[in-house]
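These notes concern the structure reproduced below.
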Amino acid sequence: MFYREAGDFSASYEEDSQTFPIKFDRYRYYLVLFIAIAVIPFVINDYWVNSLFLPFLIYAIAAIGLNILVGYCGQVSLGTGGFMAVGAYACYKFMTAFPDVSMLVHVLLSGLVTAGVGVLFGLPSLRIKGFYLAVATLAAQFFLVWLFNRVPWFYNYSASGQISAPERTFFGIEITGPNTQAWATYLFCLMFVIFSAYVARNLTRGSVGRKWMAIRDMDIAAEIIGVNPLRAKLTAFAVSSFFIGISGALFFAVYLGAVEVGEAFGIQKSFLVLFMIIIGGLGSIFGSFAGAAFLVLLPVALKIVGVDWFGWPTDIVAHLQLVIVGGLIIIFLIAEPHGLAQLWRVAKEKLRLWPFPH
Amino acid sequence: MLDATPTPDAQVETLLEVNNIEVIYNSVILVLKGVSLKVPKGGITALLGGNGAGKTTTLKAISNLLHSERGEVTKGSIKYRNDPVHKLDPAEMVKRGVVQVMEGRHCFEHLTIEENLLTGAYTRSDGKAAIARDLEMVYEYFPRLRERRKSQAGYTSGGEQQMCAIGRALMSRPETILLDEPSMGLAPQLVEQIFEIVKSVNENEGVTFLLAEQNTNVALRFAHYGYILESGRVVMDGPAADLRENQDVKEFYLGMSDEGRKSFRDVRSYRRRKRWLS
Amino acid sequence: MTDGYVTADGRQIGPVVMEMKNITLRFGGVEAIKDISFDIRQGEIRAIIGPNGAGKSSMLNVISGFYVPQEGEVWYKGSRRPAMKPFEVAQQGIARTFQNIALFEGMSVLDNVMTGRLTNMKTGMFWQSIWKGKAEREETANREVAEKIIDFLEIQAIRKTPVSRLSYGLKKRVELARALAAEPSILLLDEPMAGMNVEEKEDMSRFILDVNDEFGTTIALIEHDMGVVMDLSDRVVVMDYGKKIGDGTPSEVRNNQDVIDAYLGVAHD
Amino acid sequence: ELVFPSLSYRTGPYAANGIPFADGYADYFTLLNERDGGIGGEPIRMIECETGYNTEKGVECYESTKGEGALVYQPLSTGITYQLIPKATADGIPVHSMGYGRTSAKDGSVFKNIFNYPTNYWDGASVAIKHLLDLNGGSLEGKKIALVYHNSAYGKEPIRTLEELGKKHGFELSLLPVDHPGQEQKSQWLQIRREKPDNVIMYGWGVMNQVAVQEAANIRYPMDQFIGIWWSGSENDVRPAGDKANGYKALTFHNVGDDFPVFDDIQKYVVDTGKAAGAGDQIGTALYNRGLYAAMLAAEAAKTAQGIHDTKALTPAQMRDGMEALEITEAKMADLGLPNFGPEFTVSCENHGGNGFGAVAQWDAAADSWSLITDYIQSDQDVLAPLVTEDAQAFAAESGIEPSC
Amino acid sequence: MPEQLAFTIEVFLNGLMAGVLYALVALGFVLIYKASGIFNYAQGVMALFAALTLAGIIDGQVPFSHLINAILGTDIHHFGWHVPAFLAILLTMVVMIGLAYAVQRLVFRHLVGQEPIILFMATIGLAYFLEGVGDLMWGSDIKSMDVGLPQGLNTWIDDTTFNAFGYGFFIDNLDIVASIIAALLVIGLVMFAQYTKQGRAMRAVADDHQAALSVGVSLNFIWILVWSLAGFVALVAGIMWGTKSGVQFSLSLIALKALPVLMLGGFTSIPGAIVGGLIIGVGEKLFEFLIGAPFLGGATENWFAYMLALIFLVFRPQGLFGEKIIERV
């Protein structure tokens, strides 16, 4: 019995509704947090940060955001790319309009702007459901991308329509622009990740979260027992877009530094983030992390194995990569349709019973 | 109507034999813990038991519908006419003459009643004329269906859907029908009617029935033999007439005590569960 | 019948709380309810019976605001109820269960019961996102109510089990728990005992009577088991093909020839 | 060891174009290694990294290769170039965006590490107009010209230039954006059919090119009045339309075909030894030649750098100096087995972008080949120079760079 | 005829034609959705795969040659023969049926009864997989698709309309062929779904696969059948679009043009795919012509198609011809 909860009793309802009711889990969580905050910043270099950690952290925020909408509230959305673009362009406008304000403020404001846009595009969800809604959110996706590409005000009339992040700071430390330190950008994003996960977790365990889940599981029944469906759906759109906006802002300002809307925030991005949460596990914060890690790390890992170790031609590796990622997605789904998070839960259940099979 | 046909004697061929099966859902939840039963040819066998006892699971194990619910028979064997069948495709089971009417009716909502019935004949290859004849036969049994033949099944009432489901099963010319809770949610009159039809199909067409039922009262009136299931085990079995007289069955399944039926209002305590096994 | 009556077993029934006046409901060409009127009194157990497709469930749906009748009025607590969304009806203290179980399959039993408390939880999103303080206090307070009901219905053992793994009967019980958690003034039950055996029906009856007794909850009940209906209810409405064909005490209804013809088949013992 | 990363794309929506370029780039370096033992005796190591034309993968490739001592990046994508401009500048590694990327990077006093010689998008627009001027006896007064462009940063590049030129020469410009990927262009081409512009200029990439050529053929637009930028001028773009593409024109800044001595060497040292990159079936195509040309320019810059710093092994900073001192003369090219392959130009601190020479090639469907139909034409520097300076200054101001040379 | 009106009519007609081409792709989605509730993200990739295979077979390419060469150091690429188009189409169809079989055996058989979003995800995995396999098998360079379909301005229409109205309408021959094929396909598929035993079984499976199993309908068979049909539709779409734009990766992106069509017509309706296609085609082209290009700077088609579909959905949440969503409690 590797994993035990025996002896862990909750004496009060507060304790029982903790995020990690089991001590073992709690300690493991503190350990991960400690490593993330106090160890990793000292050992990473540009490569690790720019190719792995930043995308992982930023996608994790987007995945948490989308998971609130899709996983918790059941409203399938394919507008993520467009909403990230809103975050990015809002951030760009704030950064250039108020150069002296801290990046923290810019990013949070971008989240708020995105939340507003999200609510607007969430309105049709009252009538349109399921995959129909998914396809309808594509309208947001395509429209927003077109808009940012089309209206020069958004990119400050630059010649090419690209936006580039000027140098901005957070408590005097450079966060954007070419001269940033690996640890600084890492910690800056990590801060938002922890914030997002914390807020998302609190919202989903309380009454708002239950409203969302009720709508997801059976919207008619939810309405009849007293959930205002429009409010519930729109709050989900708002919160979700808030996080997605933050991730878009970070994606542009901290990670890439320059983006072109159609390329960086195209429909592919919407799909990518959706894949993350489905593979990771719908309705699970941990799943958002797992999914983001899976889709950010796996291709890089496969590339390293194929190209650097075996020395195969890059195109063959790239094609094999598609085959393997596709194959793995299918294998995972067959093994456990509810994602990596569920796989992890089942594994824990089995460990708890181990060595007995049932 | 309390005199069902006497139990078929031991000479009658056993059509279906379930031997000590174990069923696990999601590879962790053990639901059936060794269920055995025999269904004689031409009989009506009832499977009784409380909520979650495993009746539905047993029927699905026989018809092989478990697979699509992530359930699995892990032990024991199921034999139909002495052939092991638990690895077969559900469609193959139907071809061999075993068809299940599922709990909760499960009509094809968007198909008309007639299309529903015709789908029942999917596995048959004995020609259009034969199918048309059987369609006629089903309409004979359920005149109500003839009236609604062109309506979409999704918009018919619960009772009509139940008839449709049974009729659809008949359309495959089955040898054995597994009937899961035919009475659920039906008005009392309809319950009687449906059991009457089961009886006449059994007598006229020689179809064998295995039925799972909560409505013990009716079930034991029409069945020849009964099994009582509790938390995944068979706890009692015997000819229906015997079961009806059994004291425990009377008390827990028929709601009768020595003084006859007692009022629901008079049950004073609900902490009085007695189980054969626990 | 101005201000209530006293039942055979001595319970005091109060004034009319809900009154349906000339309700007519159509779906396209189908008239599911035809000009039906009846009332429900405070503290009463009111049964609605009738053959399949008579329009019973539709009537409950009208009460909970899910179907909007083409004609007729609903009066609640002495005044005419304006057009309302179902969730507003729920917020007025009307809770219900469903004929085809409508639980939230993705959540645990406890969470399902807690959804019944949603109409009582008012903390804003901001405080919830911080959790500590206001949100946590509210959660705990409501949790206590939910736990009490879980205790009452004897489902403590499955509190943390995902609903999708429960058998039919347990689900029905959880649904009842969810409805009770709202501490409703009127509770609507749509075939709460379908698919149960006698023993389980006895248990369920006990719960219903206790709820009615302990919390004084008014109950409207649809059921096909005549034994249950006749034993439990104070008054019975009988529907057939959308029309009301009988209304009165169980014994009156039992002996009504129309009801016997349309529904009971034989005079029930 | 000299490290040349190749950020290629052999998958994704633009693979068909990425492959020949990457092959050319790789084969030239392979040739140098096999034949000459590298550059100046120092062997070359080429690291190929697949970007799929995706900016994020581009960043990953950049980060994973820069530590290996990468000398110069040639990402073949305007998007990735924009990404790399600040990063590479901070890391002191040069980027060569040859005929793409940020046009104002031509101003070396601001963009120290970015090079876009021998020509850029604005030059392209101007060269096309010059060619049209030639055809129309020196005047475009009252003519209508339509620009069909990829609706992205890249496609929008020439708009400003064309507008300026329109003012100068008196032609009317109409703009027809095509969204990625550009499979459906009915609207655009119906509009062209209606408006009957005298000429169509196209800034396209990927499938958009093929569809445009096909649609032009469908509406029977005269092919010789249809000019693509150099990225709309590969065999891939015209072959699907078959004979009907005959006469289509495209700009180029290097020669076409495989009729150069260097190809014999490639056959001998690379193909016959089985060392050809990719499937080895792209040799001599327009984009292959362009990849090869890019590699040649990189190698020459490396040679120059070796000369300046008197060392065989180079650092990125030394490579940068080499690029800034690069001089391409006819003699040099002939020497390399590429006589008359591209324009002559000299790079300097002020000018990282060459002199803006480009030529026009025309497709001969029967012969299945391109041929140059003009000499190298120089772009209208009077119009362009101020535009470049303006944009560069704006960038300098925005990012606090002190222009200096 | 006034010029502006003539132009508008021309745009309208071409919108119809474009719509037919979208509908060809949408049909594949509908078939699979109808029979299994699976939203098949891989439909676009299937079209690409079919087209690649067809082009490869016609050309006598050796499958996986690049991979084989890389591993064995050989240098093979072509068999050196050319396969006649109709034979190649047959062979490709065999490949698509094989694919349908494999997809059913290896993927969906194990996912029976899962939620729609999970099945959707599986098709995404499938899309990746197929894209990779397609590339490995046939290479990612561009291929031209030549099965002898006519293409270009239809002169007869041009002349006739010119004589009649003074303005010759442009209609592409390929579009005309596509329309005929699409009409035949739709009629065939509707007949199949409505009047054959298999078609009925297919609809039954879509309604309730458990119940279908219980009456002896073999899910395996029905699904393989439907995926083969979808493969066939993908092949047709691949030929059409491949002829238009060459065969290459971008072909798989035409799925994005089919989505608004699909949701406007309803995921479950075969005629809906056609009607939806026509509405979207006409709508987006007219909007671009009348408003987008003159006032909004152009390139509005992509988002307008979705907006149009969205507007329709607000009034009919199940699409124009979709099966009514039965909402009962």
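Note that the chains take the letters A, B, C, D and E in the order they are written out, and that residue 1 is the start of every chain.
As a convention for this text, a contact is a pair of C-beta atoms (placed from the backbone, for glycine too) under 8 Å apart; a residue touches a chain by one contact, two chains touch by 3 or more.
Values in this document were obtained by computation on a predicted structure and should not be read as measured data.
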Common touching chains of chain E and chain D: A
Maximum centroid distance from chain A, chain identifier (CA atoms): B
Chain whose average C-alpha position is farthest from chain C's own: D
Chain A and chain B: spacing of chain centres that average the CA atoms, whole Å: 49
Centroid distance [mean C-alpha coordinates] between chain E and chain B, Å: 45
CA centroid of chain A to CA centroid of chain D, Å: 37
Separation of chain C from chain D, taking each centre as the mean of its C-alpha atoms, in whole Å: 74
Of all residues in chain E, the ones touching two or more other chains: 66, 135, 140, 297, 299, 302, 329
Overlap residues in chain A, where contacts from two or more other chains coincide: 146, 220-221, 224, 313, 315, 319, 322
Residues of chain B touching at least two other chains: none
Chain E to chain D touching residues, read off their complex: 7, 10-11, 14-15, 17-18, 65-66, 69, 73, 75, 77, 135, 139-142, 144-146, 151-153, 170, 172, 241, 244-246, 248-251, 253-254, 257, 285, 288-289, 292-293, 297-299, 301-302
Contacting residues of chain D [partner chain E, same complex]: 10-13, 15-16, 19, 151, 175-179, 181-184, 186-188, 190-191, 193-194, 206-207, 210-211, 214, 217-220, 236, 239-240, 242, 244, 274, 279-282
Chain A to chain E touching residues, read off their complex: 70, 76, 124, 127-132, 135-136, 138-139, 141-143, 145-146, 150, 220-221, 224, 267, 271, 275, 278-279, 282, 312-313, 315-316, 319-330, 333-334, 337-338
Contacting residues of chain D [partner chain A, same complex]: 8, 10-11, 19, 48-50, 52, 54-57, 59-60, 63-64, 66-67, 78-79, 82-83, 85-87, 89-90, 102-104, 151-154, 156-157, 160, 179-180, 277-278, 391, 398-400
Contacting residues of chain E [partner chain B, same complex]: 112-113, 197, 200-201, 203-204, 206-221, 323, 326
